[in-house]
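Every chain is named by a letter (A, B, C and D) in the order it is written, and numbering of its residues begins at 1.
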Amino acid sequence: MAFIARRLGAAVLLLGVLSLLSFVLLAAAPGNPENLLLGPRPSTPETRAAIRAQFHLDDPLYERYLSWLGGALHGDFGTSIYTREPVANVITDRLPVTAGLATYALILTVGVGVPLGLAAAMRRGGRLDQGITLTSLVALAVPPFALSILLLYGFAVALGWFPVFGAGETVAERIAHLTLPAVALATSEAAIIVRQMRAAALDLAGQDYLTFARARGLSLPRVWISYALRNAALPVLTVGGLLMAANLTGALFVERAFGLPGLGELLVTAVARKDIPVVQALVLLGGAVVVVVNLLIDLTYLAVDPRVRHGAVAS
Amino acid sequence: KQDRADTLRWALSEVPNSLDIAHGFNNPSTIVQFAVLDCMVTLGKKGEVLPSVAESWTHPDPLTYVFTLREGVKFSDGSPVTAEDAAFSLSRHVDPKVASQAASYVTMVKKVEATGPRTITVTLSRPNQAFLPTAALAWQIVPKKLAEAHPEDLGSPEVGTLGSGPFKVAKFSLTEGVTLERNPLYWGPKPALRKIELKTISDPETLRLAVSSGEADGTADVRPSEARKWTSLRDVTTTFYPADNIAFLSLAVDQGPLKDVHVRRAIAHAVDRAALVQLMTGGHGSQADLFLPKPQLTALYGDAWPALPTYAYDVEAAKAELAKSAYPRGFTLATPYDSGGENVKAMQAVASDLAKIGITLELTPLPSEKYITQRMDHEDLAVQMANLYYSTPDPSEVLPDLLSRASAKPQGFNFSGYGTAALDAELDDVGRLEGEPRQEAITKVLAEVAEQVPYVPLYHNESAFALNKRFTIDAGTWTIDILSAVRPAGS
Amino acid sequence: MTAVSGTPLFGGRVARLRRTRPGFLTVASAVVLALMALAAIGGTWIAPYDPAAQDVALGATMPSWAHWAGTDDLGRDVLSRCLAGARSALLWPVIVTLCTCVMSTTLGLLAGYRRGWLDAIMMRIVDLLIALPGMLVLIVLVGVLGGGIGWAVLALAVLFTPGDIRVVRSLTMAQRELAYAEAARTLGLRPARIMFRHLLPNIAPTVVAGALLSFVAGLVALSGLSFLGIGLPAGTPDWGLMIEENRTLLDLNPWASVIPAALVTIAATAATLLGDRLFERLSDAA
Amino acid sequence: MLLEINELTITGPAGTIVDGVGLTVAAGEMAGLVGESGSGKSLTARAAIGLLPKGLRASGSIRVGGEEIVETAGERVLRGLRGRRVSLLMQDPFSMLNPLRTTGAHIAETMPGRATREEVARRLAEVGIDDPSVAKRYPFQLSGGMRQRVALAAALAGDPELLIADEPTTALDATTQHEILTLLARVQADRGMGVLLITHDLRVAFAICDRVSVMYAGRVLEQGPGTSLAQAPAHPYTAGLLRALPSVEHTLERLTGIPGSVPPAAQVASECAFAARCDHATTRCRASRPPLREIGDGRLTACVNDTVPLLTARDVATGTLPTGSGEPLLVVDDLVKRYGTHTALGGVSLRVAAGETVGLVGESGSGKTTLARSVLGLVTPDQGRIELDGLDISRRRALTRQERARVHRLVQCVFQDPSTSLNPAMTVGATLSEAAARAEPAGRLAPGDLLELVGLPPGYATRRPKGLSGGERQRVAIARALAVRPSLLICDEPVASLDVSVQAHVLELLRRLGRELGTGMLFITHDLAVVRQIAVKTVVLFKGRVVEQGDTATVLDAPAHDYTRRLVAAIP
């Protein structure tokens, strides 16, 4: 319990520092939102002044930060300058798309990466291993946007198996729409998992307790599942969690290429428009996701690994 | 299949952020606004101002317009459009609390009053020919009650909007797009489409793929430079029309070598505009000699454009001009540009052209946001390229902004910084005068630009609609409500 | 993908390999990288055309005898630009790698060897940096603060470093407990000497492999930034920028963007492969 | 016969590793397999259970309970055999159990039927764990001895007829080792099982095994009943091993190891594998590979000569150790070190006089290393005083630069693990000259001289640690420590992980250096026989406290403290 409390405390502190940093950084960045709001079109001084007042752009920095922080603590992240919607709504509107994409990609990543990694490890040095390793190397190296375009041309346009853009509305539609983006996103991540899993499994294969288990007559599948998978799960889980976190904020190339209205796309446009409340909330969200995922990973370690549970090793 | 036939799926390259022109004065937003909201007046095929919600108007003196409201116009919720509504719909743009993006369009408006149950009187502070065409755009009629209740967020997805136009909003979401349905209470002819779904696809290539695969039926976001790719699509008709735009280089006349008119002329000679037209418009455009959008020139002069000095592409002539200046061997200029903008390629071509006469442009990429801020603050202007799009046929939407001394300051659009008292007076004339004298005044201004070269006009381009063959469109440069101009093929 | 820092891709204990001749792929990777490095150094001389020379009137053309890889829409020779582009495409990731490597090795060694408050403070900072959503920070930093490639390189280095610091630190901590390190301390050697002469060579395999991975991640990330229009000035011959600039030419001369994309992929693959093999070899030799 | 191995040959990528081994274990028999590290014991054991590591291939014949398992048996058959007929107990109790599973689960999953809690508790009781709550604990919560008991219970859970125990006690300290071996013998007798006990501890093998096979370079060189082997070895190799064995009863005058090191099996395929290291080797030994031949009494040997006297009186002559000058060199007073709530040292006082060697014995975790590290300045004690040659060094940070430099010249150390004692990235020469550079400029020795001092050829200076054997590495480590000419050398179990023969060499070297250089030593070990050979005085540490100290002879021959008595009793 003390462990969890300590972790939570650290997480909150971390988010606080993150929010302050990003706030100062964004405020210090050149440019004014009203320029973009008013676009490449003449404006009047009155309008500009009104906008500055409306968004408290002329208040001292610390005041702005404090009032923003006060709001944020109550779940109010201010109003988007560009769309005049509460930031919370702007984000929750787009969250399902990105969350769906991230989850889908993670399922693909793990579903493909773990078995392939295991297979490569079991056939270490063989044809299969070399094939998988090489493929994963290439997958790791393809720039994600190039891959997106390739998939788009191949499977959506030439073959017509998948829709070209958008996120779909019903569940079935959504799955169809998210398939190609998820593949584009999962490719390099699956490569990471393959490598991780392979290394973990190789590491494991040398462990005495696996030999001991087999020497006692445990069946091979049982040894792999209850011993190998479980023990290799932890390092893979760590990476998987971080990938999930990265997906939630880092999917922007893919979202852009597939016309998905997700958080990554939102970030790019919000940064371009200097829609500070949105960027600020997104940075915080991104930080929170990473922190929460880390926390969850810690908790899983706690659940899975008795050594951590009993404080025998530092996690 | 019947309901597919009269449902249009339209693709936008950006999210419509507001259904109110006060907060969403941008292409994706206005295209939706005009389908939902009526304006007081509208534009005809040739750019002439036509009645709309205003049945008629009079212009008793240069400062006064009196509009008569059409009878029986109702908002889509059934409530009538009153003179109060109409008057408030214009005057709200002046209110600082609204902080309207259209505010600069109504600076000449002094007073708007409902002077009768069906009459609205507008008083201007100075005579301005641009007022009426501007009203076809900015004077969108919204219910006064609603607009008053939401000065800051009318048109946002939360508040939405209410109009008397041919369509009404069924759904407005920033992520899922906009759905419009036919407004049964519309006073005009019954709209041909029952339903319009608008989706956003920000990547231009994905957008094209979506239209070509039939997942989207049409779009207005066809980049001129990619025209050839669109015209080759099988089930898609791409209709081109002259855009109300002018692409130009601005030369900051108040600093460094650009102070020298010979340098400026040398630059004008050195730029290979024909090649630029090919590069940027893929043939769907033309070289610009006069410093006004092509449709405006046509509206103004018909076919008889004035013959003013022009600067043909001629490296020798350019070198000769440069030799007359204080910098015969050339010089170097730091040239920031918008790395996210459309002119990246054009700037490279220009830089390479100028390099031939010894002028080096050091291209410095800036993120759009930073670039625009810097440009609006009039920092590091030197040589800038811009391609400005306008919406009315009136030159006074263009010229004062680009040439008056008042807008040669930060936040103004006069990036060349060029300006004289005499020119300011001429620009006043352009706004004030009507008919033949006005035409002459404009010619004088254009002549001065041609002579002094604060700006180098580069090209005019065409815009296009791409539309699946299941639909047709009857629209052009001046069409305000594009969506209503689409109809199922064969109907 | 680079956002996932803090996890070494070269996991755990690596079973010792027999000494074998380097395989075909290893040699091929080394050759490819060497050729690319050559192009980076002398690409502008070998190039058949001036990579900046335009012929706007010619426009984009398919490969021909005059232009083996065709031209882009400004009429520039794609082959020449690919050759010349090696320089900036490889140089910036190399700088990212060097920065990352130097920072993470020095700081990781310090933290892992000295422990105590220095370590505590450093690890808190590392935690903070790792919690930052990488790509997001990069976009915000570079997109808002300004377009220079310098910022992008710096930001990438700062993003890559904390993960590597953790790796180096934990390796250092393990090494410093080993008998040879303790013996060095007992001899009264200066800490700097122990860290750099004794511990560093023994964690070098991981550092080298990590460096190659940073290079790959930097290469891909920087080309990604070009995709978003951030970083290098337009017109610079650079693979990432070429992919983006010529993406619209897929019908006129697809090679103008396909070749640079392939080059990025090949360079990244070769570097990862080499990193893999080098790691196994170095840890085998130790 | 439960296990019958015939002509077992194991080949790896680099060639043959095990070459024609024959071995049998009968029901109710405790068979022993001894041999130096790398001789192929473990591989033979793994082959017998069908679990050779990847990349290795077995040929020949192994019959488990009459069933042939080499090449013919598939995974199904093998799985039927494992656990039920034959089971394996491995060396390291710390890595043999799955860290994520409870001990109960380990036992339960191996049992044939459904495992009730009572049954699990019964199985635990069989291996001497009476507390049933242990079933719910995780391996990391148990001590090494407990883990090995649990592992034994798990290995026995399927009621195998044959247990292969691969060095089950090597990682444990002396007393625990004794307990586990006793337990193993008891269980074997109770169940009437066959046991193949693999060990490198000759004393253990000869004492408790009915029959012992001596392996060398992948071959069995000698076989026979343990006791007769110990008394009259019939192979020079066995004799060499016995000669190298330190005696616990008296200080030997000379400790003799076998010269040279074990060759790879593939290199000596067609000659007597031991010929190169054998004093009695003749051309006949090299001509062909001598087969195992019967010499009566149930004994077999692979030596062609049969008349050589293999053990001489000289091998057991008593010697003496230097007693030092009596001037105090190291004075430790009331030293306390705590790790959190755990007290590693609870007020330890001891003295080492100049030129004398003091042995420090104690069970695992008793604080021996902590004490050594405190003296070396690698840990800062919480309390107490360490004085070295009159200089108070308990607070290293408080010392001046010069004082610190002096301390580094006063005390040096040799650590236990030869595999990490040298920096793998530096050549031997670099390591040594770096150390020598820290010495007083006057008496600096070149790497070559240092190597000579520890009996290595100067050519080794260019080698890297990777190419050295464990014994050679320890020698280099000693040379490095001696490079600054320290007055005190701390040896933290420097021979614990070496084979007997190498151990003898290293011990003899240390004894010689102590004598010749007059270096005082604090020698940590848990092997009383080693203490007897090297230390004049002995300090017994128990749970962080000194429970007994005095002359080695007194402490070992007439132990006063209960713990010391147990320690002495644990010697096989």
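In this section, contacts are C-beta pairs under 8 Å (C-beta built on N, C-alpha and C of every residue); 3 or more make two chains touch, one makes a residue touch a chain.
Which chain is which protein? Per UniProt: A, C = ABC transporter permease; D = Dipeptide ABC transporter ATP-binding protein.
Note that the structure is a prediction, hence the values are computed from the model and not measured.
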item	value
Least step count from subunit B to subunit D, where 1 means the two chains touch	2
A-C compared against C-D, more contacting pairs	A-C
Identity of the chain that, by mean CA position, is farthest from subunit A (ABC transporter permease)	D
Separation of subunit A (ABC transporter permease) from subunit C (ABC transporter permease), taking each centre as the mean of its C-alpha atoms, in whole Å	22
Distance between chain centroids, defined by C-alpha means - subunit C (ABC transporter permease), subunit D (Å)	47
Cα-centroid distance, subunit A (ABC transporter permease) relative to subunit B, in whole angstrom	39
Distance from the mean Cα position of subunit D to that of subunit A (ABC transporter permease), given in whole angstrom	51
Interface hub residues of subunit A (ABC transporter permease), defined as touching at least two other chains	30-31, 124, 149, 205, 271-272, 274
Two or more partner chains touched - positions in subunit C (ABC transporter permease)	143-144, 146, 228, 247
In contact (per the touch rule at the top): chain pairs	A-B, A-C, A-D, B-C, C-D
Residues of subunit A (ABC transporter permease) touching subunit B in the complex	30-32, 35-51, 54, 79, 82-86, 89-90, 93-94, 97, 149, 152-153, 156-157, 160, 163-167, 169, 256-259, 261, 265, 269, 271-274
Residues of subunit C (ABC transporter permease) that touch subunit A (ABC transporter permease) when the two form their complex	1, 3-4, 6-7, 9-15, 25, 127-128, 130-137, 139-141, 143-146, 216, 220, 223-224, 227-228, 240, 243, 247, 261, 264-269, 271-273, 276
Subunit D residues within the subunit C (ABC transporter permease) interface of the complex	13-14, 373, 376-378, 404-405, 407-408, 411-413, 415-417, 420-426, 434-435, 438, 466, 477, 480-481, 484
Subunit A (ABC transporter permease)-touching residues of subunit B, taken from the complex the two chains share	14-15, 17-18, 23, 25-26, 96-101, 103-104, 107, 152-153, 155-158, 173-176, 199-203, 205-207, 209-210, 212-213, 215-216, 340, 367-370, 372-374, 376, 386, 388, 401, 407, 411-413
Residue ranges of subunit C (ABC transporter permease) in contact with subunit B within the complex	52-54, 56-57, 59, 73-74, 142-144, 146-147, 228-235, 245, 247-248, 250-252
